[in-house]
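One structure below.
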Amino acid sequence: MALFEPTILLQLLIAGLLTGSLYALLASGLNLVFGVMRVINIAHAEFMLLGAYLAWVLYVYANVHPLLSLFIVVPAVFGIGWVLERTLIEHVVGRPLLTSLLATYGVSIIMVNAGLLVFASDFKSVPQLQGAIVIGELAISKPRLVAGVLAVILTFAVYLFLEITRLGKAVRAVAEHPHVATICGIDVQRIRMLTFALAVAMAAAAGVMLTMIYSFSPDTGADFIQKCFAIIIIGGMGNFLGAFYGGVLLGVVEAFVGGFGTTQWAEAVAYLLLVLVLLIRPTGLKGMADVK
Amino acid sequence: MADHILVVRGVRRVFGGVEALKGVDLDVVRGSVTGIIGPNGSGKTTLFQVISGMDRGATGSVMLDGREILGCRPYFVYQCGLARTFQLSRVFPQLTVLENLIVAARRHDRGARSRALELLERVKLEAYNEVLGSDLSYGQQRLVEFLRVLMSDPSVILLDEPAAGVNPTLRATLWDMVRHLNGLGTTFVIIEHNMDVISDLCQEVYVLSEGEVIARGSRRSVATNSCSRRISGSGAAHERFAA
Amino acid sequence: MLSKHASLASAAVLVVILAVAPAVLGEYYLSFLTQLLMMVALAQAWNTISGMTGYVSFGHATFFGMGSYAAALLLPLGVPWWACLIAGALVALALSVPLGFLTLRLRGPYFAIAMLGLNEVARVFVTLWVDLTGGGSGITLSPELLPSLTTSYYTMFLIAVAATVIVAAIYHSRFGLELRAIREDEGAAEMVGVNTTRDKLAAFVLSALIPGAAGAVLVMYTSYIDPAAAFAPAVNIQMIVMVMFGGSGTVWGPVLGAGLVMGLREVFWAEFPAAHLMLLGVLLLSVVLFLPGGLMALFTRRKLVRPEVAAGPQERPDG
C-alpha cells in the first residue's frame, strides 16, 4: 500500500512534529500554572482563542501580519492574565482542585460565549504564508513550518527563562516549596501572577500562529483543552518539559492516525490516549502522589 | 507459644529509590499493648499504612488472626477487625460529630446511634453531637477520630502518635480509654514518642530505624534503659539499647 | 436544612401545583414547564454523583444524548413510547457500568478530566456511525408516533419527582452518609469500612439512569435529534450551574437552582442564547468563589452554638 512508502511516513512525521510543537507550547503553559499554583485551568485553550481572535481582528481591520501581531497580542494577553490572576484566580489558589476546576470552567463558559456574541460561530482564519516548501518528494506547508519552529523557540525561551534567570528560579522555587519560598523572601503572589500571565501569553502565542493553519470558532477550545489534558497527563502534571514531549508525541500520533484512518478519529485520539494512560496509571504517567 | 493476633513478616516497601521498610517483622500478642518507637522517617507510619491496606505497594505478609490481609482494601481490613487512626487527624470536616461516628459503624448495626452517643458521653463530648468536625479543636478531632474506630468494636487498633497535638486533659482521657478497652481485651499497637507512656502502657516495644526493626524488648528493658529516651539518634543509642 | 415538616409541606404543595398545571396552562407554558422539569431531573442526577461524592462530572450530557438516540432509533420500529423511555434508561445504564468501573478508580481531578472529553467522543462516535444514526443530519420522528405534550409533561414530571425522591432517600440513608464521607475524605472513609468502589459506582449508575430516561422523553417532545443537540455542551453547563447555584449535595438545592435559572432564562435571556450561557458562567464563577454552599447555605441554620466546655487554649498540632 502506498501509505507505507518512506516519503509518506516522513511527511506524516514532519507534519506531526510541527503540529505537536504548537500543542507543546500550549500545554506547557497549562502545566506551568498547575505546577506553580496547583490550579487546573480549564479555560486555558480559551486564551489561545483570545490570541487567535486578536490576531484575526488586527489582520482584518489593520492588515497586520500574524507574525507581526505576535508582538502586540502576546503582551496584551500577558496583561489580561496578570489582572485576571490578581482578581480571580488568586482566590482559588490553595482551595481544593475541584474548586479551581469549577471556577475556571466558569471562566471558560464566559469566554466561549462572549466569543460567540462578538464573533458569531462561523469559522475564521488568516490566510497568510500560503503554500509549501518542496524538497524532493516532501512538501512542507509554510505556515506550519513557521508556526512549529516558532513554537519550539518560544517554549525553549520560556524554559531557559525558568532555568537561568533569577526570576525564573523564583518561579521554580514556588512550584517546589511554596513555604520555603515565602521564607526566602520571594513575593509568592507576584510569582503566581507572573506565572499565570506567562502561561496565558504562551497560549495566546499559540493562538496567533493557529490562525494561519486552522480555521477556528469560539468553540474550538474544547478540542484543544482535551489535547492539553492528554498531553500533561502523558508528560506528567506540573512538569514543564514533560508537557513539551507529550505535545510532540500527541502531534505525531494524531498525524499518523489521520494519515491512515480518518481525521475525525484523529480528533478522538487525544481522548483515547488520555483515558488509556489514566487507566494504566490512575495518577498519570509521572509521580504526582501529592495531587488530592 | 503465645497467641499472636497480628503477625507481620518481611514487609518491604520501596518509594522510588528510598526503601522505607526493609523487611519488617512484628508479632503482636492478643490482648497486649505493643509500642513502636523510632526517629522521624524511620518508617513507622508507612508500616501502619501497609498493615491497614491504605498502601498496597508492599511485599511480604501480614496475617490478622491467621488470615492474610496484605494487599486487601482498607474497608475489608477494617471489616476484618483491624482499625487505625492517622498521624494527622482526619475527621470528616463537613459531617457532624455524630455522623462521623455512625459512618464507621458496621453497615447493619441498628444500635450505632446509641453506641455513638454513649462513647461521646464517656469522653464528655456529648454536647458536641451536632457540631461539624471542622469546628472542633484539633485535640477534640483526634479524640473523635479515636472514638470513630471504636464503633465497629475492632479487635486490633493501630494508633499513630495519638497524643500529638492534644492537650493534657484530653490526653489523659485518651490513655484512660486505651487502658479501659485493653482491659476488655482489645489489642493495641501504638506509635508514640513519650517514653513514660510507652513504659506505662506497653508490654512490648519495637524500635524502628531506617525501615528496620533494630531492637525489640519487654516493658522492663525499655524502662530501665535510659538511652532509649534518646532514641532519635540511631547508631550508638541503638547498640546500647539492644545490649 | 429546612425542617422536615416544612420541606414535606412545600414538596406536597409543589407536586399538587405541577399535577394540575396542564389543566390550566396553555401549550407554551406547559412546554416551558416540561423543560424546567427536565432540568430538575438532570440537576438531581448530577447532584447524585457530583454533589454527594464530590466527583465532578463534566460529561453527564453523554447519558442524556444516549437516551435520546435510543428512543429516536426505537420509536420508528413501533416500540411504544414508554418502552423507549425504559430503553433510554437502560442504554445509559449499560454505558455507565463499564465507564464508572474504569473512571471511578481515578481520584477527583483525574475523574473530572476523564469525563470532560466523554461528551465530545460520544458526539464523534454517533456522527460517524451514519448507518445507524443518520450521522450529522440527525433523525426526524413522524408526529403520529409521538405521545401528546401532556403525556410528555407528566412523564417528565414523574422523572423529576423520582429523581428528587431518590436524592432525598439517599441523603437520609446510610448510603448517603457514606457518599458524603467519601466526598470529605475518601481515604479515611475507606479506612472506616466504607466500600468506596461499590458506593461510587452505585451513585454513578443512579446518576446516569435519570438523564437516559429524560433524554428519551425530550426526543419524543421535540421529535428531532442530531448529534449537536443530543451532546450539547450547554446541557452539561446547565446541569452543573443549577446544582452549584442551588446548593450541591442537598435535596432541594437542585430544584431551587433549576427553577431560578430556568425562570431567569424565560424572563430575561430567552432572546440571547449566548448571553444566557455567558451569564451562567458568571453565575457559576460567583457561586464557586463567594457562596460555595449555594443558595441552600443561606437557609441552613448551621449549629454554631459551640458548647463552652473546652474554653481553654486551643491545642495545636505539633508536628
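For reference, chains read A, B and C in written order, and residue numbers begin at 1 within each chain.
Throughout what follows, a residue touches a chain if its C-beta (ideal position, glycine included) is under 8 Å from a C-beta of that chain, and two chains touch if they have at least 3 such contacts.
Values in this document were obtained by computation on a predicted structure and should not be read as measured data.
Colleague: What is the shape of the graph in which nodes denote protein chains and edges denote touching chain pairs (line, ring, star, complete, other)?
Modeller: Graph shape here is a line: each chain touches the next, no loop.
Colleague: When you take the mean of every protein CA atom shown, which chain's own CA mean is nearest to it?
Modeller: Most central by this criterion: C.
Colleague: What's the distance between the Cα centroids of chain B and chain C, rounded to whole Å?
Modeller: 42
Colleague: Roughly how far is chain A from chain B, centre to centre by C-alpha average, rounded to an integer in Å?
Modeller: 47
Colleague: Distance from the CA centroid of chain A to that of chain C, rounded to the nearest Å?
Modeller: 32
Colleague: For chain B, jot down the residues that touch at least 2 other chains.
Modeller: If we look for residues of chain B contacting two or more partner chains, we find none.
Colleague: List, in ascending order, every residue of chain C touching at least 2 other chains.
Modeller: None at all.
Colleague: Considering the complex alone, what residue numbers of chain C touch chain A?
Modeller: 54, 56, 58, 102-103, 105-110, 112-114, 116-118, 120-121, 124-125, 127-128, 233, 237, 240, 244, 272, 274-275, 277-278, 280-285, 288-289, 292
Colleague: Flag every residue of chain A that touches chain C in the complex, lowest number first.
Modeller: 40, 42, 88, 91-92, 96-99, 101-103, 105-114, 116-117, 219, 222-223, 225-226, 229, 233, 262, 264-265, 267-268, 270-272, 274-275, 278-279, 282-284, 291-292
Colleague: In the complex, go through chain B and note every residue touching chain C.
Modeller: Per the touch definition, chain B meets chain C at residues 52, 54, 73-75, 78-79, 83-84, 86, 88-95, 99, 102-104, 106-107, 124, 127-128, 130-133, 135, 137-140, 148-149, 151-152, 164-167, 169-170.
Colleague: Using the touch definition up top, name the residues of chain C that touch chain B in the complex.
Modeller: 174, 177-178, 180-181, 183-185, 187-197, 302-304, 306-307, 309-310, 312-319
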